[in-house]
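Please go over the structures that come below.
Same chain, two partners: subunit A is paired with subunit B first, then with subunit C.
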Partner chain A sequence: MIRRNTIPFGPQHPVLPEPIQLHLVMENEKIIQALPAVGYVHRGLEKIAEKKDFIQDVYLAERICGICSFMHSQNYCQGIEELMKVQIPDRAKYLRVIWAETHRIHSHLLILGLLADAFGFENLFMRLWKVREQILNIMEKTTGARVILGVCAIGGVKRDITPELGEYVLRELDSVEKQLPELMDSLLKDYSVKQRLVGVGVLPKDKAHELGAVGPVARASGLRMDLRETGYAAYGDLDFKMVVGEAGDCYDRTMVRVKELYTSLDLIRTALKRMPQGPISVAVKGSPPADEVLARIEQPRGELNFYIRGNGTRNLERFRVRTPTFANLPALLHQLTGCELADVPVIAICIDPCISCTER
Partner chain B sequence: MVNLINSIFRKLTSPSECLRYPFVKRELPEGTRGRIDIEIDKCIFCGACEKRCPANALKVTRDPKSWTLNPYSCIICGYCIEVCPKKCIIAHKEHYSPNV
Partner chain C sequence: MLNNVSETALDHISTEVWKLKQDGYRFVTMTCCDRGESHDILYHFDKNYQLKHLRVTLPKGTELPSVSAIFFAALLVENEMKDLMGVSVSGMAIDFQGRFMLAEGAPVTPLNKSIPGIGIQIQDKTPATPEGTVKS
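Here is the complex of A and B:
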């Protein structure tokens, strides 16, 4: 019988940017079982949310994640608006889509860069992050901050995009789009990169469904699930087309993200073009009633759920966060079982883990 | 291969993407939310900002008249700017320096 060894992988690991520990039970180089250990960055955020005023919670929700922060505040605001039956102006919905999609682009570029870094392609990593810098500049110019935008509010948004800023955004997007093909070719067509991605960490469609995978992980396995199809915010008016893969391996997951970059670029352009004139927010009076709501949104990593229960006061009774990485962890463990040790970083990065928001 | 050579030559002949930081500083766009400050003569010490601050970074007292901000707690959310009835809180463009 082959002797089994257990290797602790993480929470600090040079190629894995997130603090998760994986206990890998190994037989030679092969992983027999992977067990996760989380809890390194728990912040007790749900409890703080109950102590604070529901408007202060917008800023708190925004700080759940440091990458897709705007979407957390958007989801929270959409939840509270549904709870309090507030109708927000159309222009605010379009502005929310624009900022949410810039967040998706910067998040995807970030993880594609980290993926390149994980298989040792440092040059590509730097160049992807250089393009990402332009997206961050767009956010900085339109909102006053680079990642934690702080522009989403209950009842709408706080800043507007003027026609001049809109022109600037379009110019930057064109420049980003011009640079993408060369980088994406290195990522998707390069022989050595393909060797690291094709057929690695396969998640079949039925398994993806069974394990409750979400976001690009599920879509790469062929599941058609993207909440943007439900048409929340202004997505209903923007001719959104879902990107779906087939094979469910690391290569398809990367490809889905790459194609989503282009979808997001198109969505921002269309939103800027079709954005109606008018106010950007409405005044909201009162407190959330004693009722509950489940707010859902499509984040770069998948479906984000907030359960919000009010009690008629300015504080919330309960605020529960379920992030997409939490839903993708069982799928990750399934992919790791049976793979080689050298593939672990690539597989782990391909689910785009965000452990800090998972532990809240 | 052609791409690689192309890319190398392009990079060799184009200027660096990075700024020479301590000598050249990045231009911050208009409307950047940076360091929070107060125009103290306009302040009426009502305490609205202290009550709303999500990070408990502000301390306002009426007697003696004082308004203090803990820059280590402030998350630069800008909520205090919105609620101030006298509009006397301002956000500078530049950020807190490490030796605040």
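Here is the complex of A and C:
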């Protein structure tokens, strides 16, 4: 006999790093419908942004997320610079790439660690986060802060990386890269791990496109979609190569993130090697923004969109944030429908949910 | 700047969105701006990194037809607009009844301009001169 039950998954759950509730309608062990309930950490940041000076909003944008914070400030600055027709120095573009990619590495290591924890591989979780510490140390040494860097500004960046610091960064990256193969083999080749990931939470390519999936979730399904290909900041000069999966399951989403770790390491090395000498910022002159723009960059979780609309005063008319997790929620609902209850934690973790930035 | 924007009549929005889907566009998101007497609704789409936008001017009190039957992904942002801006959206695939983003007892339509904001000192919107210099 089929019994139908509704199970609330979250907002407090051992595998969820942030609060989201999933209402799971079950038939025995199978999920037949999933609905999200958010709103636990809505902070009204878009409203605050309208009340602040648009320069102060750089500070605010950086605090949308506590994981990929630098990229939020970078996207905001790029949007304002486009509106005010500000050309930033080339060196600032390279420095932005370096800090953005360190954020991508630490974010990917964070979620891979949480994934390991979700299927009970605590030792792997701790070892991945130990490596992540070295990336946080790089950020601390180069900016003075470990996560909220506070170095991006309209017109460039606030700190430079000296040749000595560059050498230190390269040494640390080498050390990180040496430790990765053993850890990644545990994630990608271990029999038990494969049993939990392969064929679980499948999102076909056409569905990923239709549901607006972004980032590693979309790329694991075979969609060639990475805004770094457009060459914003200094990516156009760094021989960036996109990582794409095929199967669209939890295993491919993990594999894409693992390979992107190596891509990011290469990008930082190339950026340090090719970074031109020169100033790191320019004075921003002219009227406050009076037009509108949709600024976009590629975050660790996917495409981040900021709609910025000025009105010629120092207050913005509208600042709207569409984070990658918000875009990936419909894809998550699709993946959950038809799966077993025991697979929910792994599927949820594999979209790398960041709820605080989703709710703003 | 926002290029490639098409001003679209409210009655035609579903048709235009459907055409874009047939053309292979991906739904990116929607944006709602409070413009006093009306809401500005922007639909953002992407194809091969090229953005396309549809703009609808929605007089306040008018219903916006949902496009979630065309792009399921639109249902979340439509529910968000309903919660935060008070936009009435008809025909949503799932209607969270105003409880998608906001809890009971939360301010109603907090992102509308008529709501001053809670605990925030509103600054004067001092106009800048064309020669004005902005220091960051």
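By definition in this document, the second predicted complex is superposed on the first by the 357 of 360 C-alpha atoms of A that agree within 3 Å, B and C clash if a C-alpha of one lies under 4 Å from a C-alpha of the other, contacts with A are read in each partner's own complex, and residues count from 1 in each chain.
The criterion applied here is as follows: contacts are C-beta pairs under 8 Å (C-beta built on N, C-alpha and C of every residue); 3 or more make two chains touch, one makes a residue touch a chain.
Keep in mind that this is a model prediction, so the values were computed, not measured.
Peer 1: Applying the document's definition of touch, where does A:144 land relative to subunit B and subunit C: first, second, both, or neither?
Peer 2: Only subunit B is touched by A:144; subunit C is not.
Peer 1: Between subunit B and subunit C, pick out the one touching the greater number of residues of subunit A.
Peer 2: Touching more residues of subunit A than the other partner does is C.
Peer 1: Let me test your reading of the model: by the given contact rule, A:63 touches which partner, first (subunit B), second (subunit C), both or neither?
Peer 2: Once the two structures are laid over each other on A, A:63 reaches subunit B alone.
Peer 1: Looking at A:130, would you say it contacts subunit B, subunit C, both, or neither? Reply first, second, both or neither.
Peer 2: first
Peer 1: Look at A:255 in the shared chain and tell me whether it touches subunit B only, subunit C only, both, or neither; answer first, second, both or neither.
Peer 2: Once the two structures are laid over each other on A, A:255 reaches no partner at all.
Peer 1: Return first, second, both or neither, reflecting whether A:52 touches subunit B, subunit C, both chains, or no partner chain.
Peer 2: So A:52 meets both subunit B and subunit C here.
Peer 1: With the touch criterion stated at the top, can you tell me which subunit A residues are shared between the subunit B interface and the subunit C interface?
Peer 2: Touching subunit B in the first complex and subunit C in the second, residues 52-53, 55 of subunit A appear in both lists.
Peer 1: Mind listing the subunit B positions that touch subunit A in their complex?
Peer 2: Going by the criterion above, the answer is residues 3, 7, 17, 28-29, 31-33, 52, 54, 75-79.
Peer 1: Note which residues of subunit A are touching subunit C in the complex, please.
Peer 2: Its residues touching subunit C are 35-36, 38-39, 42, 44, 46-48, 50-53, 55, 58, 82-84, 153-155, 209-212, 227, 229-230, 281, 283-288, 291-294, 303, 305, 307, 309, 311-315, 317-318, 320, 322, 326-327, 329-330, 359.
Peer 1: Which residues, counting only subunit C, touch subunit A once they are in their complex?
Peer 2: It comes out as residues 1-2, 26-29, 31-34, 42, 44, 49, 51, 53, 71-73, 75-77, 84, 94, 99-103, 110-111, 115, 117-118, 120-123, 125-130, 132-136.
Peer 1: Going by the contact rule set out above, which residues of subunit A touch subunit B in the complex?
Peer 2: Counting only subunit A, the residues touching subunit B are 52-53, 55-56, 59-60, 63, 130, 140-141, 144-145, 150, 159, 182, 185-186.
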